[in-house]
Amino acid sequence: MSKRTSTSPRVRKHLDNAHLLENLVYMGEENVSTSIELIQYDKTQISERAVRPDEKLKELIKPDCVNWFRITGISDAGTTYNICKAFGIPRFDVKDLLSGYRVTKVITHDTNTFILMSGAYISEDKELIIYQNAFILGDNYVVSFQERPSTIFNDAKDAIKEGRVMIREKDEDYLLYILLNCLHSSFNDAIIKLNNRLNEMEDRLIDDDTENINVMRFISRRKKDASSLRRIIAPLREEYINLLHNTNKLIKPENIMYFEDFDDRLRTSLDDLLAFRESVSSLSDLYFNNNNLRLNNVIKKLTIVSTIFIPLTFMVGVWGMNFDYMPELRWAHGYLFAWGIMLLIVILAVFYLKRKRWF
Amino acid sequence: MSKRTSTSPRVRKHLDNAHLLENLVYMGEENVSTSIELIQYDKTQISERAVRPDEKLKELIKPDCVNWFRITGISDAGTTYNICKAFGIPRFDVKDLLSGYRVTKVITHDTNTFILMSGAYISEDKELIIYQNAFILGDNYVVSFQERPSTIFNDAKDAIKEGRVMIREKDEDYLLYILLNCLHSSFNDAIIKLNNRLNEMEDRLIDDDTENINVMRFISRRKKDASSLRRIIAPLREEYINLLHNTNKLIKPENIMYFEDFDDRLRTSLDDLLAFRESVSSLSDLYFNNNNLRLNNVIKKLTIVSTIFIPLTFMVGVWGMNFDYMPELRWAHGYLFAWGIMLLIVILAVFYLKRKRWF
Amino acid sequence: MSKRTSTSPRVRKHLDNAHLLENLVYMGEENVSTSIELIQYDKTQISERAVRPDEKLKELIKPDCVNWFRITGISDAGTTYNICKAFGIPRFDVKDLLSGYRVTKVITHDTNTFILMSGAYISEDKELIIYQNAFILGDNYVVSFQERPSTIFNDAKDAIKEGRVMIREKDEDYLLYILLNCLHSSFNDAIIKLNNRLNEMEDRLIDDDTENINVMRFISRRKKDASSLRRIIAPLREEYINLLHNTNKLIKPENIMYFEDFDDRLRTSLDDLLAFRESVSSLSDLYFNNNNLRLNNVIKKLTIVSTIFIPLTFMVGVWGMNFDYMPELRWAHGYLFAWGIMLLIVILAVFYLKRKRWF
Amino acid sequence: MSKRTSTSPRVRKHLDNAHLLENLVYMGEENVSTSIELIQYDKTQISERAVRPDEKLKELIKPDCVNWFRITGISDAGTTYNICKAFGIPRFDVKDLLSGYRVTKVITHDTNTFILMSGAYISEDKELIIYQNAFILGDNYVVSFQERPSTIFNDAKDAIKEGRVMIREKDEDYLLYILLNCLHSSFNDAIIKLNNRLNEMEDRLIDDDTENINVMRFISRRKKDASSLRRIIAPLREEYINLLHNTNKLIKPENIMYFEDFDDRLRTSLDDLLAFRESVSSLSDLYFNNNNLRLNNVIKKLTIVSTIFIPLTFMVGVWGMNFDYMPELRWAHGYLFAWGIMLLIVILAVFYLKRKRWF
Amino acid sequence: MSKRTSTSPRVRKHLDNAHLLENLVYMGEENVSTSIELIQYDKTQISERAVRPDEKLKELIKPDCVNWFRITGISDAGTTYNICKAFGIPRFDVKDLLSGYRVTKVITHDTNTFILMSGAYISEDKELIIYQNAFILGDNYVVSFQERPSTIFNDAKDAIKEGRVMIREKDEDYLLYILLNCLHSSFNDAIIKLNNRLNEMEDRLIDDDTENINVMRFISRRKKDASSLRRIIAPLREEYINLLHNTNKLIKPENIMYFEDFDDRLRTSLDDLLAFRESVSSLSDLYFNNNNLRLNNVIKKLTIVSTIFIPLTFMVGVWGMNFDYMPELRWAHGYLFAWGIMLLIVILAVFYLKRKRWF
């Protein structure tokens, strides 16, 4: 990826009136073919298998287990649509899923709940990556969609296998809570890493050690990062209320406290983002101030040099005049006397500037 | 259109107390005579015809079909008023429609719902154009008004003809949803195109390649664009609640989810606009900073030249003095010695400035 | 009016504890003696007469007509109070009316509704003028108060006479709606005119044609205008809710839609003002940027002159030295050679600066 | 008071965990010993006497009169507490009263209502002074507390004596309304006086007549004033709702309209403060702009001097060179010719600068 | 702690998917082993003892007393979890407690209420320290957690011992109120101390006495302090509503007024923080303005020196020319005459600059 392209956020695609096409179109950038993993567990047993996208997914659900369909890759619009249709998700929700990571919504249908949201992480080259996620919570099952292959849910799978944090004792709504937490954890990690980069840059600015860095570009990108992150979290929190007031009772009353806890987490993240924004703008002030101080210094130097030498140059000009009668030119020690005068001027100027605290 | 006029947004007209005139007056700028197209369809059949404005429109409605009156051109105030009156829209609503694209409202009358809103698109010469739209949703019919001829609803017509996306299976409220989506799609496209222009300009600013561009004018226009777009979407979202709570039951309960989905879309667009505004202001910071850095550089150069040459000029002034006794002037290698001294001064100055990282 | 005084908004008067004085005091600036016009109309007839302030106003009301008392001039506090008292307006409301155009309120009393608001227009010398208005809506009558004589309601009177826009068919609440619209129309006109002045100034700034204009003062006044206008509209919209929820049923249910329409108008005006504010601040950015560019240019020029001439001056200083042995001084073509060197330096400097794009 | 100390707002005191001390502590700055005046009136009679703080205050209340205890000075914490306790005010409310003018609250107890708020006025030396006030409204009585002796309620007392504005006809809640209005009147007067100072300063800035004034300090203090005033009014308006919904029915239904009127006044003051803030920030822009223009001017002057003289100095340097063969030096009119050349340069430079509009 | 590290706020730790670990992890920075103190009191008696973390805490509760478990140090995650579990606090609440001072919440469980909040104080080296606190309010008992050993509750303990401020007469909810007040008192003290530092700095800026101070760093840190403090108080106020609406009736109706009083305190603190933020940004304006004025001064000086000496240098250059015929060079008093001319130029320049008020 060249430096240039990474400066601008990805140029978003737009297909005029895509909503009128009979066939759905994937408009994101991750061409990942769909793979499905089915994890089924209850207190005593756990099984795990790969599923072909053309299998009848709903028939694979075991009634007394929690069934987790973990789907990676949504770029094949037809397959994605078929999967969603199998679980009763309406066409326009699927269109939003395929529309290139921008829409956030939580919709409570009669027999399931559809959650569309974005995830974020910091890539190897330290840039913020945002991608689409979706969940379907139904009776006995959770379907998770991920736009890119990622290890973000692996820890959850391990925790299930090892029976950690009560997952095995609890139902599918608890699994959803765990998966949402995984996404939030990665999101939180992104804020922390960006914050650390900011602090690093601030230290460099305070040490005035930013020679080969385009600070302005750094600040501009961080502003965009903050804006992108806010763009994910703020609507999620707004929509999240639909989950808390779930009218289809897919979230059991005894588990609602977990989801309320997650809401607190979202609020905390919004507060963190606010603080992050303030840090960026304070960094930008620092940078502008540094530039100003540097300019002040340069001009001060110019003024010092000028203040000292311009009078001297005048003096030597005087004694370079060609008047017939200039007695001091004839003195035996005239030249020495001239140097003395000039030295005096320098001393006076330096003394004056010192007192004015220019050095 | 000259460059000058396109700088300022169109000068808005105002007719004092126009609300007291017996005859309605069109105050927009698009002089387009009214043409009406009537599209009637159900699951099995579809018909399409041109209608004269003086026909009795309401009598043309076929009871078991969806009847779409597609009206282009509203500048003939009398004709527009007659059409609206035929569908029972009150006088002051028509006045708002004719008042030159500024008012947004969604009003639920007893037998129909009147929606007044603005549309936006990016013209050939890349400027944002805003124009007035209106819809009447009634029993079995939708009336759409467009201030300018545009292809924006053509896709919808094609979709109806080809029976795509279930339009033919569904009722007039679904048609309204489709048409609103067409407007939103064009609006969305405008944001994306403006964003891309912004990113382009940002790349040029970072490469400092903005010689013949009036960046300030660019920024000022984009700010106005953002302001105009917000001016469309924000009140629409506020008024949209009236459609969701439609008391005249013109939107069927099973279709309300489509309209809720559209509300999510409006929120997303507002979020996009917020991000757009932030990008504009970040671009403006970048531009000011570039100017400052350039000024710093110019002053630095001046200081370098002065710091090196002012002492030299002083030195040659010294040896240009006319004192009788200046021993070095008599030395065999005095001149060479002078050049040596001066070279030394240059080297010291350059060395000093290098260490201060001025080069 | 001298330039100075028009810079500052009018110095507001304040009378300590005026609320404790037995006699009300007018604290505005318009000394206009009270004149009353009474217009009475129904579908078939219309009469119009001047009324003396000391007549018993309430007894003049004809029961089956709409009675419009049009009062101009409120500076005679006693008279104003008597008129209000005749219609049952409490003392502290009258005090607010007399207090110098600052308070906005809509109060629903048992038998009437009192509306206190400010109007705005642009004077001949293009400055924003704000003045006090009030309305009393009662059974069969409307009383309108205007602080200054103005033609703002003349159109309404003409419309009544000519029976336009259904005024004659409708009741006193509809008359109030018409009068409010007249005020709003003048307010709207003010925004448009101010916007046009802004656009004009922006064009001049972009052409850098602002020599004899105090741009800063212009910007500062426009900010104050925006602030004054917001000060009128924002509280009016807040208070307006009281009119919509009118508990004394003075607004008939079938006319409530007109007043809801007026509320949309207020919102639109607030949106316009927001856009106006943004334009002012964008103008201010443009101006600061212009000044900066001009400064950059001046400094660039200084640097160009210095960069070219300072080395030259050094060179001529060298050949002005008095060393005994300076071979080039003795050369036949030494002088020509010197000019050649200097020309070379100039060419190199110009070439260098050209490449750096300083010209 | 030295200039220094008046720059900073008073350093606030803090006593760690003062809330755990058995004895209340006064933490304000006004050491004023408590004095109590009791004014008792009904329609026919009025009496006025001084009361010692150790008298049993509640027993002095005459049942059929309005009893106004006017208390000045609260710095004696014990006495203040005893007075409050006599009227049934809880300990922590008294603590807030004594805590040094910061807390605003309106609390409705069973038999009385406690109002804690700050007052503001402009002192002789034109600085904003803020001090604590409190009211207790009970059955038949009002207790008013003032931290400093002030004439602010004298007008109210006079109005009672002279039976103005219906005070004598009305009950204790009306007296409270009158006293609140007195405080508001003084607050309003403060805003107006500060506004006038602002306008004065703006005129001076526009005339560029600010030589011996520290404008920045002026702006900084006005910002603090605005902040302090907002700090008083904003929470008061928030708390005021408790008074309007008074559950203990101490405010009679027929008087509630007075208190609603007062709420409008608070809103108007908040609007005024908002406008004041905007004026301050616009003044600050004006000041920065003035400084910039001045800098531009200085640099322009430097550039003019340099542009004219640097080439001249080069020319005289040329003719000061010591080449053997410099023909113009030998010309009869060489010197005159040199002056001619130099004059030409000056004329060209001046002409060039004039065309560029530097003069 | 080196200066560098204290510039950046502490780098926050993050453990990917910590919520999936079976064992809780403490992620704060205070490694303080857990110590428990149990204070039991009623009106007549008081006892105090140290408790080992592995004792059965709930069995130590005396039924007719108020039981205060004062716990210091939470870094041993297992111990902390066990203590919380003993009182019925769910696992994810404990996780938030251990997660490194960021989450604020008030949760009402069936038999107790869990309050998680941060405390703040100013350390010896004048920096703001933030640390985690938690409370459990149950039947007859209060458990307080503190991340660091601190004296903040010692005053409360003393007050209990000495039976001050009615603690001994009241129940455990009153104790909670007292402890919350202790935290708030320390928080309030922090704002006051930061405010005082700000005022100090402002005085130094106005005296221009900031030579060895990095003002920008100071401002940047104070902004972060304000941000951190807001981060504590704002969510606390939001969550506090849960305490006021306590559904488990742990707060007695007669004590609810204390908790409402505390809510007023939180609002006041938010207002104080707002004012603090404004002061910081006004300080920052002051600083930038100072720098600008200093730059203006430097450039003015340069211009003065140049304006005086550049013409002089030109004059001496003139008389240094080598024209054969320069009559003034031959005059007897030519040299004196030259000095006279030059003196005249100086006097004129100084006079001109004086009139322009450059000195």
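In order of appearance the chains are A, B, C, D and E, and numbering begins at 1 in each one.
Just so it is clear, contacts are C-beta pairs under 8 Å (C-beta built on N, C-alpha and C of every residue); 3 or more make two chains touch, one makes a residue touch a chain.
Model, not experiment: these values are computed from the prediction.
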item: Touch-network distance, subunit A to subunit D, counted in steps; value: 2
item: Where subunit A and subunit C are represented by their mean Cα positions, the distance between them in whole Å; value: 42
item: Subunit A and subunit E: spacing of chain centres that average the CA atoms, whole Å; value: 26
item: Centroid distance [mean C-alpha coordinates] between subunit B and subunit A, Å; value: 26
item: Touching two or more other chains - residues of subunit E; value: 295, 299, 302, 306, 310, 313, 317, 320-322, 326
item: Pairwise touch network: line, ring, star, complete, or other; value: ring
item: Direction subunit C, origin subunit B - full chain order round the ring; value: B, C, D, E, A
item: Partner subunit A, residues of subunit B touching it in the complex; value: 155-156, 158-159, 162, 164-165, 178, 181-182, 185-186, 188-189, 192, 195-196, 199-200, 202-203, 206, 257-258, 261, 264-265, 267-268, 271-272, 274-275, 278-279, 282, 285-286, 289-290, 292-293, 295-296, 299-300, 302-303, 306-307, 310-311, 313-314, 317-318, 320-326, 357-358
item: Subunit D contact footprint on subunit C (complex, rising order); value: 4, 7-9, 11-12, 14, 16-22, 90-93, 96, 102-105, 107, 211, 214, 216-217, 219-220, 223-224, 227-228, 231, 234-235, 238, 284, 288, 291, 294-295, 298-299, 301-302, 305-306, 309-310, 312-313, 316-317, 319-322, 326, 328-335, 338
